[in-house]
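Presented sequentially are two complexes of chain A, the first with chain B as partner and the second with chain C.
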Partner chain A sequence: MSDDEERVTMPFKFVTGFDARFPNQNQTKHCWQNYVDYHKCILAKGEDFKPCRQFFIAYRSLCPASWTARWDDQRDAGNFPLRLDQ
Partner chain B sequence: MMNFFYNLTLYCDAPQPWGLYFQDSASPQMEALIELHDNIMFYLAIILFGVAWIMISIIRNYVSNKAPISNKYLNHGTLIELIWTITPALILILIAFPSFKLLYLMDEVTDPSLTVFVEGHQWYWSYQYPDFSNGDDEELEFDSYLVPESDLEEGALRMLEVDNRVILPELTHVRFIISSGDVIHSYACPALGIKCDAYPGRLNQISVLINREGSFFGQCSEICGILHSSMPIVIESISLEKFLFWLQEQ
Partner chain C sequence: MSNLNRSIFQGHPFHLVSPSPWPLFTCISLLTLTTSAVSGMHGFESAGYWIPSALILVISSMFLWFRDVISEGTYIGNHTLAVQKGLNMGVALFIVSEALFFLAIFWAYFHSALSPTVELGAQWPPIGIEAINAFELPLLNTVLLLASGVTITYSHHSLIQGNRNGALYGAIFTLVLALVFTGFQGVEYSVSSFTLTDGAYGSCFYFGTGFHGLHVIIGTIFIGVGFWRMLAYHLTENHHLGLESSILYWHFVDVVWLFLFLSVYYWGS
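Showing the complex of A and B:
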C-alpha cells in the first residue's frame, strides 16, 4: 500500500453493495459481469473515462486475484471467452 | 467478583468442554438465531411434556387389568384425530415462518464497508483484503495455518489457534466472499453466526456485523480431507482506529 491512499480522508467505504441483478448468495456472475463491463467500458471510452471506475471497484472487491490474473492473461493472449469490443 | 468490581463481562467466544449451548453471540445474526432456537425450545418443551403426560395417562388408565375391554370402545374418534393432525401442522407453520424470515434476513448483504475474500485450501485458509490493494502486485493477503501443539503459547487454544488471524473492525458491515482452491470446505464461526460452504469456482457471499471486540474461533465445517480438523478460523474484531492502524502496518 502506498502512502497517498492511507492519508485520504473519506467515508469508510470501498466496495459496491447490493446489485439487484445478483441478489443471491452466489456472487460468481457478479464478479464476472463487472470484470467484463469494466473492460468493455475502457475499450469503448478509454482508460480515463471516470464512470468506468465503478466497475473496476466492484470487480476488484468481488473477484479473487487469481481469477482476474487469469482473465488478464486470456485477454492478452486473445482467447478471452467473450468479445469485449461489442 | 472481579466482574462486579470492574464491570467486565467475560464472553464465551470459543468452544468449551461440555458446551451444550451456543457460544455468546457477537453479531445480530447470531442473536437472532439464538432467539429463534430459544423460542422453539420453549414450545418444544411444552409439547414434549404435554404429549408425554397424555401417553402416560393413557397407559395408566387403560392398562388391561384396570379396563379389560377398553379396546372394544377405543377404535377411532374423528374429532380427536382431526385435532392431533391439524395442531402439529399449525405448529410447524408457526415454526417455519420465523425461520424463513430469519433465513432471508441473513442472506441480505447490507451495504458492506469492506470485503474479505476467503479461500479454503487443503488444509489452511487464505485471506485477501481486495479493497486495499493499490497497484497490480501489491495485495493485502495472507495464509492462516494452525499453530501446532508444540508451538502453542500459554493459554492458547489447542487445535484452534492460527498464525495469522483475520482482523476486522467492529461495528462495520463486512462482506465475506468465500471460495475454495481445491475441494469443498466450509467457513464457519459460531459466535458470529457464520457458516458458508466454500466451493471451487464459485463465490459465496455472506455479510457480518461484529458488535463487540474479541477473538472468535471456528473450524472448517465440511469434511475436506485428512487434516480437515487442522484448519481452524480465528476472527479478531478490533476498533476501527486500531484496524486502520493495523492496515497501515501491513
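Showing the complex of A and C:
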C-alpha cells in the first residue's frame, strides 16, 4: 500500500444484529445455533434452497473459523455431537 | 451414677474428657487416606495398597473412638442432658456440612446440565448417552427409601414407648430396605450403558449417585449400630442419642435421594 493512499478503517460489526434467544455477551451458542440450523436446512431442503443462506451468513460472521473447521471435520467423520437429520 | 449422685462430686453438668489417643490416631489416619487417594488419582502405583490400608486405619479410628464414647455415655454416665445437647448440636452441624457437600455436587451437575456446552451439542443428555429411565429402578428405589423412613420412625416411636420388639423389628426392616436399595443401585450401575469416564454426563451422574450411595452405606452401618445397641440394652426410652442421630442422618440421605431422583434421573433424562 502506498503512503499517499488513505487508509479507511471501518467499524467491525456482526451481520446478525441482536437475537433475543442469545442476550448474553457470550455469543458462542448464537454461532452454534446458526451453524446447526444451516446444516439442518440444507440437509432437509438442499444446498440451493435460498432461505438457508440466512443461517450461513450468520454463522460465518459469528463463528471463529477454527470452530467451523472442527465442526466440518466432525461432520465428515460422523462424530458431530448433534443429529442434523432430525 | 444418677444425676443426683453426680452433683455431689461435680458442680456442673458437663463432661470433661479424659486424655485419649484417638484424636491423634484419627488425624494421622485421615491424612494418610487423603494423601494416598490424591497420590492414587495422580497415578502413584502403590496407591492400591495405601488406600485400602488407610481406609482400614480410618475405620479402626472410628471404631475405637466411638467405642470409648459409648463406654463414657452408656456405662460411666458422662452424657448428661447438657452433654447430649452439645452432641446433638455436633450432629446437626455435621449434617449441615454434608448438605453443603451435596450442594457442591448438585452445582457441578446443574452447571453442566442447565446450559450444556456446544462441545456436548448443546443438549442434555449428550448424544450417545442412554439415560436411565427414572420410572424403572429409580422409582422403585424412591419407594424403598421412603418406606425405610416409615419403618425407622416406627422403630423410634416403639423405643420411646418401651415396645422393645417393635423397636427391633422397625430397625431390622429399615436395614433390609437399605440393603435392597444399595443392591438395586449396584444392579443399575452394572447394567448402565455409560461410565464415569463418559464425559460430563457420566462424571456428574456417578459423582452424585456414587456419593449418595456411599452415604446410604454409612447410614446403614449407623442404623445397624443403633440396632445392636438396642439389642444390647444400651438404649433407653429417654436416652438414645446415637439412634436419633442415625435417624436424622438417614432422613438427610433420603432427602438427597429425592433431589437426585427429581433432578438427575427424571429431569436430566
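By our rule, the second predicted complex is superposed on the first by the 72 of 86 C-alpha atoms of A that agree within 3 Å, B and C clash if a C-alpha of one lies under 4 Å from a C-alpha of the other, contacts with A are read in each partner's own complex, and residues count from 1 in each chain.
The rule is short, and it goes like this: a contact is a pair of C-beta atoms (placed from the backbone, for glycine too) under 8 Å apart; a residue touches a chain by one contact, two chains touch by 3 or more.
As the structure is a prediction and not an experimental result, all values here were calculated from the model.
Undergrad: Once the structures are superposed on A, label A:F18 by its partner contacts, choosing first (chain B), second (chain C), both or neither.
TA: first
Undergrad: See if chain A has more residues touched by chain B or by chain C, and give me that chain.
TA: Of the two chains, more chain A residues are contacted by B.
Undergrad: Applying the touch criterion given at the start, work out whether A:R83 contacts chain B, chain C, both or neither, answering first, second, both or neither.
TA: It touches chain C, and chain B stays clear.
Undergrad: If you stack the two complexes on chain A, which partner ends up touching A:P64: first (chain B), second (chain C), both, or neither?
TA: It touches chain B, and chain C stays clear.
Undergrad: Give one of first, second, both or neither to describe whether A:T28 is in contact with chain B, with chain C, with both, or with none.
TA: Both chain B and chain C are touched by A:T28.
Undergrad: Which chain A residues come up in both lists, the one for chain B and the one for chain C?
TA: Touching chain B in the first complex and chain C in the second, residues 28 of chain A appear in both lists.
Undergrad: Given the complex with chain C, which residues does chain A contribute to the contact?
TA: Interface residues on chain A, with respect to chain C: 28-29, 32-33, 80-83.
Undergrad: Residues of chain B touching chain A in their complex?
TA: Residues 107, 109-115, 117, 119, 128, 130-135, 138-141, 172, 175, 177, 179, 196, 201-206, 240, 247-248, 250.
Undergrad: Under the touch definition given earlier, write down the residues of chain C that touch chain A in their complex.
TA: 117-123, 126-127
Undergrad: Looking at the complex, which residues from chain A come into contact with chain B?
TA: 1-2, 5-6, 12-15, 17-18, 24-28, 30-31, 60-65
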